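I'd like to ask some things about the structure below.
Chain IDs A, B and C follow the sequence of writing; residue 1 opens each chain.
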Amino acid sequence: MRKLILALALLALSTAAQAGETLRMAVTTSFHNSGLAEVLLPRIKADLDLDVQLLVVGTGQALRLGRAGDVDAILVHSRAAEEAFVTEGYGTHRREIMYNDFVLVGPSDDPARISGSADAVAALRAIASNATTFVSRGDDSGTHKKELRLWQGAGLAPEDFERWYRSVGAGMGAALNAAAGMDAYILADRASWLNFGNKAGLALLFAGDPELFNQYAYLPVNPDRHPHVQAAQAGRLEAWLVSPVAQALIDGYQIGGETLFVFNATP
Amino acid sequence: MSALLPLTVTGAEARRRGKTLVGPVDLTMDGPGTTVVIGPNGSGKTTLLSLLHGTARLSRGTITWNCPLEQARAAQAFVFQRPVMLRRNVRDNIAYPLQLRGTRRPEARAQADQWAERIGLGDMLDRSAGALSGGEQQKLALARALILKPELLFLDEPCAALDGRSMREIETILANAKAEGTKLVLATHDMGQARRMADDVLFLLHGRVHEARPAPEFFAGPDTAEARAFLKGDIVE
Amino acid sequence: MLDVWNGLAAAFWLVVRLDPDLIEITLRSLQVTLTALVIASLIALPLAALLAVRRFRWRRAVIAVLNALMGLPPVVVGLVVYILLSRSGPFGVFGLLFTPTAMIIAQVIIIVPLIASIAHQSLRELWTDYHDLLISLNVTQRQKMQTLLWDARRALLTAALAGFGRAIGEVGAIMIVGGNIDHVTRVLTTAIALETGRGDFALALGLGFVLIALAVTVNLVIHGLGRTEREGRW
């Protein structure tokens, strides 16, 4: 018995030590699901000898983590919230890095006929007037905020919708799973959609409206607020993210022959 | 040699939920020899033994030893009607009290082995105590009580559920303990055992000491009608 | 149904290839959960023994609370630990959030009531058996607890295994306090949640089967060790 306890204790205490510089960055689910991180992180490690630890959360939670000082930087896509974050003094500044776009996904037979719509707002109006099932992230994420702005643009308010509007309160992947299960329409970022493994009867039905562009920005957490943050490392990472090396990797990243991101940082 | 005795009890009472189980009891007990406690069922034999041993709460009165209570408790042992077996093997059961008192394990086990040999469990040292027969368990309990060399040993109907052979073996062990100077206080409802073992008799009735006399006198002819009736085998209420 | 077969196949290949990521997160799962188990047992078992032998005014209330806490929702534990360990929280200075230590803390909180409750049940039974003898032998409170804990060790092993089962399969709390960071705080359950989110059901199921196999193996190993020891001494 004593031997057993000893063995357990030894196994338990053999904690793996972490070496090298590390930086914690909160990123959105959509960014992480795109798979771009798996291309960027090894190169960052090689170029900067910096271990970037990603916390994959919604934009809302990412901003919260930054406010609490639990991460060193955030990479998100919700302009208004980001600007508020900087104005309130939680972030030093906002640096635009790249954009991808949102797409409208739905049942492949497209009962609301949105594939020929003139723009995103028209597509949403078609869904609403048909009252076909629509899945909303409902989690205060960047994608969710974008969706709400689009409804607003269409002159509609989700609070007034009937039961066809399903707010699932989940991440992009879980929401896509829900849409696949219900044969519903959903607003998704292109990267998550392309990387999503459980497409079932869903298809990409509408994309290309500039309204749907999705700008990612990098925000270092303000060391004046949280003295413990790795401000120097966050600065090095920012310099790398806007460098030509990053540009080549971001612009060159493809899934199934499709380019996902467009680098648009100003040096 | 006894630092423990005499024991003086004055006005001792045990009550539970407003009901008097034992008492008031006044008595003096001095060694050596065996005091047998007899009386009908419900007369309070078990409670009296527990009171004296200090494991039942004294509601009123005093129990005074010839030494501080702490020391007195350490010099006593108690054997129950239904032996309590630790979930360990025979050796570790017998060694347990020694280990409690700080004896190192090898030494405690060596002594336990000797005791197991003396009581006839020498070939069962590694058996689980729970798997022993009733008689073997009671012998184990005796060895566990005697290993601390108590000056005073309480026994509460130790042979109540045992066959003749086990009873004989246990009485032999008790006779040896007595010969080595241990004072025994034995509660029993077996009149044969009482006659065989007793030097003094306490006859309890309704929680009180009804008669207390040296054994030969008591068995020759009790003073009280109730004791006479009890000895004859009548039902005494 | 096809997904289940794909999951089994995925599990098979992950194991056969000795996938380095799989090995890493499996070892981390074990490390976090076993550490939490050892710490939780060191807290819960003496507590259970104390509750079994000691009569004090709030004993019943404490037992009732422990029993109720067995059903503590892990997400709530995770959220509370998160708030406490956050840089803006009372223990923020230690910088423990998003580390395996934070996950261990959360798991300890989740399984202490479970282990203590189950252990208390069996210790109380044993105490009923032993009560007269131990009182007669005039043992100290400490010796009482030691005797009960030692003699009930088989039942306590069961209690600990129940705790292990709850901790190894837990995801809600450690997702929040660990953050599911690759190579740092990713364990089997959070990896499963991640792959489910990506819609890769086969991989998620594969990891799930690995998790189940791991839990079964640990149980068998611990039971096996317990039996060897029993035959030797009991």
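Everything that follows uses one rule, which is that a residue touches a chain if its C-beta (ideal position, glycine included) is under 8 Å from a C-beta of that chain, and two chains touch if they have at least 3 such contacts.
Quick caveat: nothing in here was measured; it's all calculated off a predicted structure.
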Exercise. Of all chains present, which has the mean Cα position farthest from that of chain A?
Worked result: B
Exercise. By number of C-beta pairs in contact, which chain pair leads?
Worked result: A-C
Exercise. Closest chain to the protein CA centroid?
Worked result: C
Seminar exercise, completed: chain A to chain B, mean C-alpha position gap in Å, rounds to 79
Exercise. How many Å are there between the centre of chain A and the centre of chain C, using C-alpha atoms for each centre?
Worked result: 33
For this session: Could you please state the distance in Å, as a whole number, between where the Cα atoms of chain B are centred and where those of chain C are centred?
Result: 47
Exercise. Which residue numbers or ranges of chain B touch two or more of the other chains?
Worked result: none
Problem set entry | Complex contacts: residues of chain B adjacent to chain C | 53, 55, 73-74, 77-78, 80, 84, 86-89, 96-97, 100, 128
For this session: Report the residues of chain C in contact with chain B in the complex, numbered from low to high.
Result: 126, 129-130, 132-133, 135-139, 143, 147, 151-152, 233-234
Problem set entry | Touching residues on chain A, where the partner in the complex is chain C | 1, 3-5, 8-9, 11-16, 18, 24, 29, 33, 51, 53-56, 67-70, 171-174, 176-177, 180, 195-199, 226, 228
For this session: Show which residues of chain C lie in contact with chain A when the two form their complex.
Result: 28, 30-31, 34-35, 37-38, 86-89, 92, 95, 97-98, 100, 153, 179-184, 194, 196-202, 222, 225-226, 229
